[in-house]
Amino acid sequence: MAGNTFGTLFRVTTWGESHGTALGAVIDGCPPGIDLTPEVIQQELERRRPGKGGATSPRQEPDKVEIMSGIFQPDGAACPKTTGTPISLVIFNKDAHSKSYSDLQEIFRPGHGDFSYQAKYGIRDHRGGGRASARETAARVAAGAVAKQLLNKYNISVLAYTVALGGIRAEERDLAVINENSLFCPDSAAAVRMEERIAEVREQGDTLGGIVEIRATCPAGLGEPVFDKLDGELARALMSIGAVKGVEIGAGFRAAVMLGSENNDPLTPDGFRSNNAGGILAGVSSGQELIMRVAVKPIPSIRKEQQTVNLRNEQVTIRVGGRHDISAIPRIIPVCEAMVRLVLADQLLRQQAMRGLQTF
Amino acid sequence: MAGNTFGTLFRVTTWGESHGTALGAVIDGCPPGIDLTPEVIQQELERRRPGKGGATSPRQEPDKVEIMSGIFQPDGAACPKTTGTPISLVIFNKDAHSKSYSDLQEIFRPGHGDFSYQAKYGIRDHRGGGRASARETAARVAAGAVAKQLLNKYNISVLAYTVALGGIRAEERDLAVINENSLFCPDSAAAVRMEERIAEVREQGDTLGGIVEIRATCPAGLGEPVFDKLDGELARALMSIGAVKGVEIGAGFRAAVMLGSENNDPLTPDGFRSNNAGGILAGVSSGQELIMRVAVKPIPSIRKEQQTVNLRNEQVTIRVGGRHDISAIPRIIPVCEAMVRLVLADQLLRQQAMRGLQTF
Amino acid sequence: MAGNTFGTLFRVTTWGESHGTALGAVIDGCPPGIDLTPEVIQQELERRRPGKGGATSPRQEPDKVEIMSGIFQPDGAACPKTTGTPISLVIFNKDAHSKSYSDLQEIFRPGHGDFSYQAKYGIRDHRGGGRASARETAARVAAGAVAKQLLNKYNISVLAYTVALGGIRAEERDLAVINENSLFCPDSAAAVRMEERIAEVREQGDTLGGIVEIRATCPAGLGEPVFDKLDGELARALMSIGAVKGVEIGAGFRAAVMLGSENNDPLTPDGFRSNNAGGILAGVSSGQELIMRVAVKPIPSIRKEQQTVNLRNEQVTIRVGGRHDISAIPRIIPVCEAMVRLVLADQLLRQQAMRGLQTF
Amino acid sequence: MAGNTFGTLFRVTTWGESHGTALGAVIDGCPPGIDLTPEVIQQELERRRPGKGGATSPRQEPDKVEIMSGIFQPDGAACPKTTGTPISLVIFNKDAHSKSYSDLQEIFRPGHGDFSYQAKYGIRDHRGGGRASARETAARVAAGAVAKQLLNKYNISVLAYTVALGGIRAEERDLAVINENSLFCPDSAAAVRMEERIAEVREQGDTLGGIVEIRATCPAGLGEPVFDKLDGELARALMSIGAVKGVEIGAGFRAAVMLGSENNDPLTPDGFRSNNAGGILAGVSSGQELIMRVAVKPIPSIRKEQQTVNLRNEQVTIRVGGRHDISAIPRIIPVCEAMVRLVLADQLLRQQAMRGLQTF
């Protein structure tokens, strides 16, 4: 059973390979009557575009999205609206240089899915990583933009930013400055040092990892115990992004060294007095801000020489050329936001199915 | 849409409240012909029993499981076998002291699901936490024992153990000693200090968190990109356990400070030379050992006085009495194993649907 | 992938074999706050009890249901209410005479699932048909009673009755008389002749089929195109009952011989002028009464001698003894109602997820 | 929860409106290594093309399909093969005359989904019926062609043909002649009379219904009791086609008037002696040929004047112009085949998940 559909009620199916004709997403379950234009999707795709930060490669992907179905502009409406039927989004691949990958046809790149995909499927579109390419996340971002339009109606907003890169940590959480540096870092001074570190490592032909933090406003009552708890769904959504190797909610791994009396968030008539829970109690949102962090591994495509094997299990060495970023950060940031939005849109409809709108 | 079913092909639905008549699990999708007796399930339940470690409470739950359906002993067979029909497991609650919880009917215990469940459902079985009680995990362990019987046929084994508790870390990974101490810790010296720390904190009426590590043998090819990747499914499974606030795979959060050249696992004709990936590449198992860790928060039920509110949003103080453990470790260990087994059994069948048995 | 779960949001998983310890259902997704007692379920089970009509066998199944989880009676509430957590229903088997079936261990009864189950699973609980027994429908009726409690809140009611049996057709649709005869037939005169036909055929050791019609009130807007249309879901639900070999909606097979101008239901400001559509247009309910009919095959267990083979594919003859009904009618009637209720409860929540309550 | 995905393991999601930019299907779960070219899909689409029978309209839809993803031609392979990743099929709409529908914006056409869609979604793409148009079935046929490629590997074949039209029944089942007449009728003499009846009714501005029969070869063991039985899944699949109002398996409604001794199919060492069961026992295929029939209602778009209401619930009359067929037959025939193939492909993978390939 394949796994290219995300969500249960707000359901997104993505398709497409890195160097195929196109990639896309079909959203089934978006309620009718939501404003939707290509422009609002395009805006999110722009945030994922390369060249947005010092860590990114010079490849220029226009990534122009087309809405093939699911919207209709009634007479007198200011803009098209969703109709409750499936929304098909297509992004044609225009900048696909298959040739630069032909020498990788027989070699398993370390840290990539080449080896495991071959084991699983017995056949593999090797061009640019095929389906396993980070390019796949463009479809996620496009679908997330549709979820954003729905969440706006419920005043739910999601924001991701860089809190560590290449070993340098943001000490501040000044959200006002995250759009003032190319790494979307809430600590301007740290951002400067991160950029310096990137330049240094680029020189060496190596790559860097980091940590992204995500916050979201969220009404109380979302999450479906005992298996589809909100934290579980968020963990899955974020861990399904290629570069992510860890997810934590609220205090996260720090909770492992706290006492119960420190970790519990006391309640007062004015609300919670702390937020170690990250806005989730027993898998259900408490109405506090959701807080989560993801560990992003360094990009596996490096110019340095590496040891690996080929299809015939012979020892070979490889240097991965082509246009590659130094870090998945910052381009992973809109992807994290998109995945959190997809989870929240889905959980919102799930709660609405059970309770109607009265709890929000 | 409620969320009490786990898995897509090996599908487990659990039910039951802490102080109701019984709790149970229905497993739909277990292949026919697997040996299954109540004893093999009982054995796993025993590992989750209280009184197994210094961190646990004196409450004695017999937790006797009954298999209500789905097995049949053909003439001449040594033991009952699964028939491919749903396997219903029931554990009757025998030691339920509802009275000790009656004073909690109107109060939201900090760190528990009381507040969020009330917001979500508008009604709540407050006795012992109802459905949000850790007692719910008995059904998971029972179901996991059935998965174990299936996985045995594929030589897949899963092992969890304690690598940190109350700030004390296991430096060793001597798996031979984990059954020699009550905390299932692979570092005997650390285990002694952990027990001392527990005794100290019990005195203070407080509780402790820690970290559990889980390893599993796993054939290459399990995991369903791009949304049901093996790491994503494991993250969700583990994060759906009440006390877990973080999950990491392989190098995990440490990958955030590594260089690409350090983090990539080189391949040789004899296999991988390291395992920072934790056995998963691009969401698909590589055939290496799976390695993951979970952050376990301190148990929220503490004897120390805490500030909270009641149903009428009035400030009150609370001391949670009753029989409570000092840490979710070690009783969470068989639960972690069960969840990993449920994921692997499901992914195994998913791969088998697509490829038949030839890839294993 | 096994198939013992019905529904997507109002989700019912059944389990249990004819001669096992018990059978049951777990309902996940019932909204909280619905009144629910064992009595309202028992009432529906009574309607399915043998001895209710001339066509039924003398076997007395008490079929006493227990609610194991998912309800709670808050202080001051008149009766227990659903809590939004899974509702587990168990019916213990008390009248299971396994011995009368031991001679069937090796023989495939014609018209039964013996042969196909053996081919599918390779192992089979032969006692009373195991999972393939009509006894399985007791769990459906129990679950349907919970759906009924939910549907009552939306003024949705479902009614099934006999319109043909053994070749005798009901010409009248006098719903007032259906509880006045043992066959739930809306034509008293026809009911008498049906009973006579049953007596005749019982004498011959043979069995009879018939047709059941089901009507339901239903708000406009239920059904999920293009694959989960209301008529499609109803067809599947009804066809999943063992004895059903055909399903039609509205004019059904009669529509095949009508002209478009005859079959179309004209609209007027006061509503539709006819109901050939059976209340469903393009897979979505129109607000008219739902009307459907199912073809019920004669019960395959007959006392007459039949030709068949055994496990070694040797020719044998068989006479099926034991306690068997002459027709699945009337006991199938509450089962049909239950299945329609499960579909409507599910579709109701599905529509509520998308639109909230405003459309009803 | 929307319903545009069909199947559980071989999973098809369709999208697109009659007069939108395009329509398409995403197939997730097709095993890797299956030969797939646009040509094999195109071939099935051709069979659905208008102008194929006397009952069809002159509208010429080229319906050219493009495969956007999920296939790859390895060096040395004779043709592209599936890779196990999602297969995206797109058919651009080229012959969409939106203008001819602008007068229908405010009017509910009798027998169409206009009224029920408005009630459900509150917004509606009225052009050509939007999502509710029969044009949607082009995507089903395209997806069914992919299923056909998979089923070929298991020697499973599906064939549909006309057995009644406008009250004229085929008495013969001479499958050799079905491609010799434009109605795919296995009775050449009946086919002539059907064509005459069509000409007659076209003159009157009216339309006709009929009955389609479908046969399929099928290994024993497919179908998932107790809710996803093979007959139930087939019934849902076929009933989800717009024009279908009834489905029967094997003897179907005729079984209602048979005795048990007549209806049971005796077994002999050489196989079953009859096939009243239609190849399905207790919801599981027996290895016999699958036989089913669907009742097709007359097309609701008629030139005759009809009574209806508009959006403001005012009485109006309507004559539906445009290019319309006289009967959904024969164009519905490849759609029926496609839906049966989608069911069988899905059930095949479901069985393979549980048993591996050994049972086939």
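For this structure, a couple of remarks:
Per-chain numbering from 1; labels A, B, C and D assigned in written order.
Heads up, the rule we're going with is that contacts are C-beta pairs under 8 Å (C-beta built on N, C-alpha and C of every residue); 3 or more make two chains touch, one makes a residue touch a chain.
From a predicted model like this one, the values you see are computed outputs, not experimental measurements.
Counting C-beta pairs in contact across A-D and across A-C shows that the higher total falls to A-D. Farthest chain from subunit C, judged by C-alpha centroids: A.
Averaged Cα coordinates give subunit A a centre that lies 27 Å from the centre of subunit B. Separating the centre of subunit A from that of subunit D, both taken as means of CA atoms, is a distance of 38 Å.
Taking each chain's centre as the mean of its C-alpha atoms, subunit A lies 46 Å from subunit C. Residue positions of subunit B touching 2 or more other chains: 1-5, 8-9, 14, 29, 32, 84-85, 120, 122, 131, 225, 349-350, 353-355. Subunit D makes touch with subunit A in their complex at residues 1-5, 8-9, 11, 13-17, 20-24, 26, 28-29, 32-33, 66, 68-70, 72, 74-75, 81, 83-88, 90, 105, 120-125, 130-131, 349, 353.
Residue ranges on subunit A touching subunit C, taken from their complex, read 1, 9, 29, 31-32, 84-85, 225, 349-350, 352-357. Looking at the complex, you find that subunit A touches subunit B at residues 1-6, 8-9, 14, 108, 110-117, 119-120, 122, 131-132, 136, 164, 166-167, 201, 206-211, 220-229, 231-240, 242, 245-269, 273, 276-278, 280-287, 295-302, 304, 306-309, 313-315, 349-351, 353-355, 359.
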